[in-house]
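Listed next: structures, encoded as structure tokens.
Common to both upcoming complexes is subunit A, partnered first by subunit B, then by subunit C.
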Partner chain A sequence: MTSRWFTPWLYLLVPLALLVTFTYLPVVDMVSYSFTDWDGLSPVSDFVGLGNYVDLLTRPELFQVFAVSLCYLVGSAVQIVAALYFATVLSFHTRFRNLFKGILFFPYLINGVAVGFVFLYFFQPGGTLDTVLHWFGLGPRLWLGNPDLVNWSLAGVSVWRFMGLNMVLFIGAIQSIPPDLYEASDLDGASRWQRFRHIIAPGIRPIIGLSAILAISGSLSVFEIPFIMTGGANNSETFVIQTVKLAFTFDKTGLASAAAVVLLLIVLAVTWAQRRLFPEEAA
Partner chain B sequence: MTTARTASARRRIAAGVPAAATGAALALALAACGSGGDSSTGAPSPTDPSQVSGTITVLTNRTDQVQDGTLDGYAKRFNQIYPHVTVKFQGLTDYEGDVKIRMNSSDYGDVLSIPNSVPLKQYPVFFAALGPAADLSKTYDFTDHATVNGQVYGIANIGTANGFVYNKAVWKRAGVTDWPATPQQFLDDLQAIRAKTGATPYYTNYHDGWPLTNWGNALGSPSCDPAANDKLADTDRPWAAGQDLNTTDTLLYDIVHDKLSEADPNTTNWENSKNLLATGKTATMWLGSWAVAQMRAAAQTAGASPDDIGFMPFPTQRDGHFCTVVRPDYQYAVNVHSPNKAAARAWLDWYITKSGDAQAALSISSVKGTPLPSDLTPYQQAGVKFIQLTDDKTAQVDQIDKASEIGLNAQDYPQRIVDVARGAAAGDLTSVLDDLNAKWAKAKGTVG
Partner chain C sequence: MTRAAKYLSLVLGSAVVLAPLTAILLTSLRTSAEMADASPLAAPGNWLNLQNYVVAFTDGHMLRALWNTAFILVFSVAGTVLIGSMTAYAVDRFRFRFRRVVLGLFLIASLVPSVTTQVATYQIVNTLGAVDTRWAPILLYLGTDIVSIHIFLQFIRSIPVALDEAARLDGARTSTIYWRIILPLLRPAIATVVIIKGVAVYNDFYIPFLYLPDDSLGTISTSLFRFKGPYGAHWEVIAAGAALVIIPSLVVFLALQRFVYNGLSAGAVK
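What follows is the complex of A and B.
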């Protein structure tokens, strides 16, 4: 049978065109802006070579904001552990398990702007969180006003929003594990923890690795939730918010593009290091 | 994006050719680059309304006026004089962000308000010249705010005076009836309000940010100097003791530091703040005179008395009188790529001089000789001096401001002062002002 070589490419045509138009061309543009002093508006701009990168790397205060990312990184760890727990529980016969899956996945489907606004009310002084804590005799706190607390509050929102997505990925992976392994372990009298430790965890290892990579790159490039909820004020500024401000408040599109390129390189480097430290077994 | 920008540069070469004489050139340009465009870069006022035709799109940030039909009503009245012009409106919620990005193409309406982020020196690239400053400044205020090389590129519809919007009833209950004349008196009055009324004396609107940026507009009030903004271009220390920015920022710092503002600035809400002020739960906010009408409307809705809403000047006096700076609101311009510049200019002129929009909103009309609106009567009675800042060095000041990443009209700048004042960020007033001075001096050196 002669297979036409171009058939798969026909199917790929539309997604590839979209990918190139909306991902790769803008990236190429961004890299080219990063070598200019373009202000985001002017029809002309000057080529400044590596000037923007030199400027960026000689201002260490621009990188201090990565400290904020640590809060989100801790949040991501909590998120993955919680997602693993729920995925394991909901993969077996639990009452109302489809309902629970729906409830836990639902936050991911809500628009990020809406999530931001809902949680603004949730964290208000005398708002929902303070009211609930008051029943347990805990005093009110400035969840967004306290500069030591604000990033944990925001990371909490992030966990709430994305935990469902991790959980669904894990459930999908768990379901691909052959059921006879569970039966065999039941016959051997394995406990639930042993079953998780020796069957489920190794079985879904690639997905856990992927989640960890997404968690780290996500923590480095947090944007939506803090931007909507605090606008980066009060010690909650992340690297991406800082970049957006450079580009759109101070008209330094060239410098901001360089910052974005640097962030991309950092994420790539971290991912590479992670793959080297925890190599995936060849499947 | 790149092609659009070169196209705009190409069309600019035809500068100065009168619109009427470019029929042939226009046809050529159409054939050459495949996009419409009147190749002249000027938009003089048309003289014969019956000759003006075309469809124009007006970009506006007033989505409320698009929805409630106010603008369509204006268009109908406009059509009685200009029957052959069709006016369409595009309301944009994120006006600044959307329009700035659209200005990278040639598709940004025929008439638009100039986004604040466009630097003055680039106006000729994007907007059609409306006429020589010498002529237009006889009819309109604020023209030098949009003048490049003697040509005016934008005309404001309204001007805004600055001051504290306050709830008179609350201030009265605290025993204060006269406007404070020094920052210290102002702080004492706020203390009295907190002690005697239980209202929050001052509301920052920290979270929404843009109402807070009005503190940048206090520049010029303490010194009563029309050149206050221009002088920033020549000083290394705009925040030195006795300078305007020092006085205004110190007042903001002290208000927050003395706990005279709301408990949690991070959850403030602009829409709700109107209701809080109208019902006397908060007493004072630093805003433009445009806010008075909105606060009165909020009072009406909340069942409180609209007459309780007052407006007072910045608490400093020079030679025995208060000063308020009147600044232009958005300036209206004609897109340099518009194929219907005559129709666009006709709308711009009519909207500013005939629509009555400024009067309806109790705003200061930019048309010279128009009487002040009723909400500023107390200012007139108290002898408050209205000054307009000169714009001889606005371009340089803009440049230094951007290069220093301070952002005199951005929200990070006053937000940082609030954060330091309430102990949420390191430092004290002196260290913040020193840091601002250092950044300004450094940027001024690089911009030159």
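What follows is the complex of A and C.
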């Protein structure tokens, strides 16, 4: 290289400035706010040590939001299984393959607010879902009004929205498996299940691992759909909704920061676990 | 598994996807009188009743929302391409002190989900005086997009260094090499980044909701969200608003299907 020593830094100046300002500085600030009682507005704040963390971990609402995350986690499991099924089916000769793939995938591209409204209408008492269920002789339910049911309804929306993305990623991975493996298994008389179990599943293990990790961190950081549809009312508050409300509605920046630090630590731990479980595989 | 079961499951899956969307489409074409007594899946009296779309478009300020979203989208996407490609060029084509540190900073940053740090990010954007300006989302979309940098980094490695060297022997400066050789050859990566970034910005709700509370700065997402109050009882108008937002996504998807699928696969396996 004959260029001067500072040449690469000229290209990196703006990207690094943005990276530090909007990724690293917030993390540092957030950790420091989490030890104070700052309200986000006043020029002064007091150091409260671990007070916010103690407060957070002893609030009964905390367990509530983690219980809500569990519903989304179950939803994610359903989503991955359904995506694996449809990806396997659509990877082999099927009529109208592209049409089915397109339909199943399209929800992922829809604006989140539009998805929220589509399902607010769908779940309305006497709405589309109740009407369809009535054809099969099933009674109406308060899909969003019943506190025991609301999180399952919302997790269902999440499956509806994201299943297609998982499916497309799985299809991409399945297509990179060498086709002669299938031919060999056909000659050996393998059943479709055996073909899935012994060729497809091992072949796309890294992307399944990545999807599982994204499902866990995604379940913890759900925000958009419940916020738009219920505003977190009626037992449907998630961790991020709670944090946003603490910070921007109740001006408890210190406490909200502590909550965000806890979430960040959990997400980092999950990611670290993934790197340990699926070492150096593509992801 | 028999063939019948396979097709049955595909048809069933498609029905589950399409039923809620069909209900919205049918509802958007109804008159408010029809709303009172029709079942959600009943056909509208007049299939060409676009009255609700007119109300949603004008009273919902969708033109303004479209303009705001387009403004943010153009700057974010163009900026992301420049920043990602410049970073990839600097890190991949130069050997310099702290190179590994810089690379590490970008790699580690991809582990921090930006949804968790907004409490503190808000204070920084506020200090910069950018809250309630369209620059707030632009800066955030530029500053927190690590995936694009990964895509460019991965792609630039496949461009032979011999091309740069030949140009340098001809006396080209590094800026000429970047603009004339690297950037044009990165075209497939640029297409990928434009699509995933474009979809993400058009659909994002969280950032405009936090940083653009002013009505006149509503984006597609936040303007649609504001339908909730005034039209709470008028589902035919809300449905038309939702359909207005969904239609552009459908058009882009149908036109660019192959690029969308490829782009998403490239983005996920960063």
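The definition used in the following text is that the second predicted complex is superposed on the first by the 233 of 283 C-alpha atoms of A that agree within 3 Å, B and C clash if a C-alpha of one lies under 4 Å from a C-alpha of the other, contacts with A are read in each partner's own complex, and residues count from 1 in each chain.
In the analysis below, contacts are C-beta pairs under 8 Å (C-beta built on N, C-alpha and C of every residue); 3 or more make two chains touch, one makes a residue touch a chain.
As the structure is a computational prediction, the values presented were derived from the model and not from experiment.
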item: Partner chain(s) touched by A:P43 [first = subunit B, second = subunit C, both, neither]; value: first
item: Contacts of A:K245 with subunit B and subunit C, given as first, second, both or neither; value: first
item: Subunit B versus subunit C, judged by how many residues of subunit A each one touches; value: C
item: Subunit B versus subunit C as contact partner of A:N234, first or second or both or neither; value: first
item: Subunit B versus subunit C as contact partner of A:I213, first or second or both or neither; value: neither
item: Partner chain(s) touched by A:V74 [first = subunit B, second = subunit C, both, neither]; value: neither
item: Which of subunit B and subunit C A:F117 touches, first, second, both or neither; value: second
item: Partner chain(s) touched by A:D29 [first = subunit B, second = subunit C, both, neither]; value: both
item: First (subunit B), second (subunit C), both or neither touched by A:N146; value: first
item: Subunit B and subunit C contact sites that coincide on subunit A, given as residue numbers; value: 29, 40, 124, 127, 248
item: Residues of subunit C defined as touching subunit A within the complex; value: 1, 6-7, 9-10, 13-14, 16-21, 23-24, 27, 39-41, 83-84, 86-87, 89-91, 94-97, 99, 102, 105-106, 109, 111-124, 139-140, 142-144, 146, 149, 168, 174, 178, 199, 202-206, 210, 220-222, 224-225, 227-228, 235, 238-239, 241-242, 245-246, 249-250, 252-253, 257, 260-261, 264-265, 268-270
item: Footprint of subunit A on subunit B - complex, ascending; value: 1, 5-6, 8-9, 97, 100, 103-104, 117-119, 122, 125, 206-207, 209, 263-267, 402-403, 405, 407, 410-412, 415, 419, 424-425
item: Residue ranges of subunit A in contact with subunit B within the complex; value: 29, 39-44, 120, 123-125, 127, 142, 144-147, 150, 230-235, 245-246, 248-252
item: List of subunit A residues in touch with subunit C within their complex; value: 1-3, 5, 7-9, 11-12, 14-16, 18-19, 21-27, 29-30, 33, 40, 82, 85-86, 89-90, 94-95, 98, 100, 102-107, 109-114, 117-119, 121-122, 124, 126-128, 131-132, 160, 164-165, 168-169, 172, 192, 207, 210, 217, 221, 223-224, 228, 240, 243-244, 247-248, 253, 256-257, 260, 263-264, 267-268, 271, 282-283
